[in-house]
Amino acid sequence: MTRITPPTVTMSTGSRTLEIDTGELLFPGLVLAFCLFYYWDTRALPELSMLYAGPLLYTTIALAVVTVAVQAVSVGGGDDPRGGGDGGVESAAAAFDPDSDPEADEEAVFTVRSAAVLIVLTAGYIVALEPIGFLAATVAFLAATLYLFGERNPLALAGYSLGFAIGVWLVFVQWLMIPL
Amino acid sequence: MTLTDLGRREFLAAGVTGLSVTAAYGAEAFGVTERFDDARVTAVVPWAQGGGTDRAMRITTPAWSDRLGIEFVVENYPGGSTQVGGEELYNADPDGTTVAMWNMPQMQATWLFQNAPYRMESFDYLGTHHWDPTMWFAPLDRPYDDLAEFVDYAREDGATVGITSAIGNTALSALLVEDTYDLDLTVVNMEGGSEVRQAVLAGDVDAGVNQPWAFNPDHVGDVLALGSHTAEPQELWPDTPSFADLGLEDVPLVEEGLGQWKLVVVPGGLRENDPERFERLADTYAAALEDETFLAEAENQGGLDEILEYRGPDETEAEVEETSQFMETYADVVENFIYDR
Amino acid sequence: MLGLLFPAAIDGALGILSSPYVLFAILLGTAVGIVFGAIPGFSATMTIILFTPVTIPFEPTVALIFLVSAYGGAVYGGSIPAILINTPGAPGSIVTCWDGYELTKQGRAIYALAVSAIVSGLAGLIAATFLLVFAPPISDFALNFGNPEMFLLAVFALTIIPAAKGSSLSKALLAGAFGLLIGTIGNDPQLAQPRATFGQTALLEGVDFVVVLIGLFVLAEVFWLAYRGTVVTGDNTVQRGASEVYDAARAVVSRPVGFVRGALIGTFIGSLPGAGADVANFVSYNEAKRWANDELADRFGSGIIEGVIAADSSNNATQGSALIPTLTLGIPGSGATAALLGAIALHGLNPGPGLFDASGDIVYAMILSLFVGNVLILIYGLAGSQYFGKLAYIPIRYIIPSVAVLAVVGGFAVRNAPVDLYIVLLFGLLGVLFVVYDYPLVSLVLGVILGDIAESGFVTGWLLTGESATAFLFNSSIAVGLLALIALSLVVTAVKN
């Protein structure tokens, strides 16, 4: 399994069907949640503070609702609700599809699962930075990630993790005086 | 590769990595990785690089560092109308390794009208740096020549006034004039001295409130100087009447003079806990302001040397106290502006 | 002659350029750009973003010229792994793979790399000339923009992205509006009251857009790499020797039309907000194919040099022209120019219409440094592409953790605020979501960047025009023109959709 696709929920009332692509709900949903918080947080502010932010907030909410209606919901069924297909060229990832054959003989380290683990590791790294310190957290993160993506040589693991962490530490903490 | 072999390698890998992490943690825990030279003073500037406060700090630290024998690192913490830098200073240890250059009455506004967690007592005060009076400017093509005429003009038609920051000396000056003469001014925060200058030069506003040094004396002649919020005429901008000259004594704070102080502040407690270090910082700072290279540098910065005004720690504290008091006195003028629109 | 055209600032700029530090910054920046561009998974945007914190202690001139040089180098460098291992170093080099890698399979990697270096350098020079000629009048014109015009300009920049990119109108506008809303986090400009700061002091200043860029363009890319990996199909036999380089020079010289067409397409597309090297190389390749006779058109993709010329002349030309809106209006058209704008702001310069006026010498020095930088690309590329090429074989498992660490460290370094690390992570995740569901990343970034301009333009303009909608919208003929452009781009996109 290399790709997780959020389900499409189909509802039918009588002869009509209503399809909702739940994946397409993700971003508009996030935006709406943020707007709700924003509204709650700013409701007591003076008018002048919200002269611009107020109308912008309502515009954003309206656009989120429109996006849900246009992108996620389709009535009648049949058509692919995701318009445009894979036409995006925003990221090399979106447009560049490696041949599928060689992927099979690689030992399948590059998967949704490893991406998810990487995200968790990164989050853990960020949380750990303050309590356990930059060097220790960085060495641990580097080693864990290298291992995750298939590095098994113990010397390479430890050497690279330690070397890179110290290098970054020298540049940023010693030279640039970033109080990490 | 057999299974046991793989197992051993992984075991080795885990062991070596574990050891490096432990070593790294130990090194940090025992302070081996402290910055090699921790004898530095961090100079907090609550404004962005290139602003007036930043420039003033950066030309002062070299001379100060010479006398103190310790290097300075200027760090900018802009934002929140100086509250971000203020909290940085508030959270720093009072061990004499952190100083800040702040400006008044902006400083008081952060705890009076914003939600800053600190108060006047949260800090110790090393000394003042310079004082820049509040001054009103206008585009050349307007039908008024000084602030008294501007007041008459605004009484008829209302007027737009640009100020430099949300709640500071320029806002207060504009609101006090509006309040005293019962005018209907549209006070617009242009978010910075150079923006006010731009708006006045372009004729976007009927008047702009700023300080002469911040406005930049290179522009004498490009604009009309309406008046300075002082009793005596100021020295930096030629041929500008004071409010007193114009008979505008009804406006509060003319006698005391409303302007912008720049001062050097340290985290509270230093003076009490380590009076020796405090004295040394204060003395070297005072000496730095007399330094010749510093003075030459100040002259290059649009005549900053003309408005330098040093006060010692006690006098500075009294000045801070006084400013806090008048800001509290006129708090309702500011609050009316914020909430009654 | 230059002195006659642009008297004042050019002198200062030449003075800056003659400093040995600045020349060294160009030499080093170009090399650094090529090196990092050549590493698979490293785009020009990432290179600029990750090096921005490193430049903090340097003079603005040295720092910005270093970054501009690295930008050019990295766009060229991206073609190296595209040619050698069929993996574009950046989206702008996707098309380079199609013929470039075929040539590598035929043993002619050096030939392809040399052609790539020649057309990249020359196209860069052409675009830099356009920048030098067009930027000053545009920036002069932009000085007439008042507050309402600045607000409308920001709105226009957001509406033209879906028109230029061909993405969904509602998605692009939602992303842009969300970006603007993120831009309002922090103290409001009029009264300094906190908005949606989650109780974080650092957020009183707002969300720093360099932090957003690091999340969207660096961390998100790392997450993608972890899922996608790269396909390294190693050792091809490679013909070496000077004859390959000589052949390359002849190949370019004998195809001037293809090269100039690519450069002009790149220059044009690069100047549009929202479209950069990634769009330009597709368009240029398709045009090259369309102009070719049937027999040649069929052979595109089979390893012909016309394909490499079309791709690489267009992607490097986008750099110079993308700087036109960035430097004159403060509106970056792409991730890379947004990153550069972040660096400009970080070094205390004020991006926007006043930039040429206030910091003309630095800006002209940046522009003129492009001429030196592109000549260097040519030299470095011809002399050293096989050595830079070795970088293409760095295993991706080393790249992923290293870049992740640099993203985190860089995110912190921007303003020493721990909360920024969580913002980087959040926007990293958001970036993945954007790519999966085909939202334009540039819209979101541009929204955050333009937030301040839009807000102060709107509020100041609104108050000064007596709070009347008609007085605000019809403030000047420029405002009316911008309104018309906004309407036009909305209609175009709606029809396309």
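Labels for the chains are A, B and C, by order of writing; each one numbers its residues from 1.
Methods note: a residue touches a chain if its C-beta (ideal position, glycine included) is under 8 Å from a C-beta of that chain, and two chains touch if they have at least 3 such contacts.
These numbers were taken from a predicted model, which means no experiment stands behind them.
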Query - Contact pairs, highest-scoring chain pair - result: A-C
Report summary line: Per-chain C-alpha mean nearest global C-alpha mean belongs to chain C
Report summary line: chain A and chain B have mean C-alpha positions lying a whole-number Å distance apart equal to 39
Report summary line: Rounded to the nearest Å, the gap separating the Cα centres of chain A and chain C is 22
Query raised in the report: What whole-Å value do you get for the distance between chain B and chain C if each is reduced to the mean of its CA atoms?
Result: 36
**Report entry** chain A, residues touching no fewer than two other chains
**Finding:** 46, 48, 138, 165
Requested in this report: Find every residue in chain B that makes contact with two or more other chains and list them.
Outcome: 338
**Report entry** Interface hub residues of chain C, defined as touching at least two other chains
**Finding:** 190-191, 193, 416, 459
Requested in this report: Under the touch definition given earlier, write down the residues of chain A that touch chain C in their complex.
Outcome: 2, 23-24, 26-28, 30-31, 34-35, 37-38, 41-42, 45-46, 48-53, 56-57, 59-60, 63-64, 66-67, 70-71, 82-84, 86-96, 98-99, 102-103, 106, 109-112, 114-115, 118-119, 122-123, 125-126, 129-130, 138, 141-142, 145-146, 149-151, 160, 164-165, 168, 171-172, 175-176, 178-180
Query raised in the report: Inside the complex, what are the residues of chain C that reach chain B?
Result: 146-147, 186-187, 189-194, 201-202, 204-206, 347-349, 354, 415-416, 456, 459-460, 463-464
Query raised in the report: Along chain B, where are the residues that touch chain C in the complex?
Result: 48-50, 75, 77-81, 83-84, 87, 109, 113-115, 160, 165-167, 186, 188-191, 198, 202, 204-205, 338
Report summary line: chain C contacts chain A in the complex at 43, 53-54, 56-57, 86-88, 90-91, 94, 97, 166-168, 170-171, 173-175, 177-178, 180-181, 184, 188, 190-191, 193, 195-197, 219-231, 233, 278-279, 282, 396-398, 400-402, 404-406, 408-409, 412-413, 416, 418, 421-422, 424-425, 428-430, 433-442, 454-455, 458-459, 462, 497
Report task. Show which residues of chain B lie in contact with chain A when the two form their complex. Result -> 6, 9-10, 12-13, 15-17, 19-22, 24-25, 27-29, 33, 35-36, 73, 338-339, 341
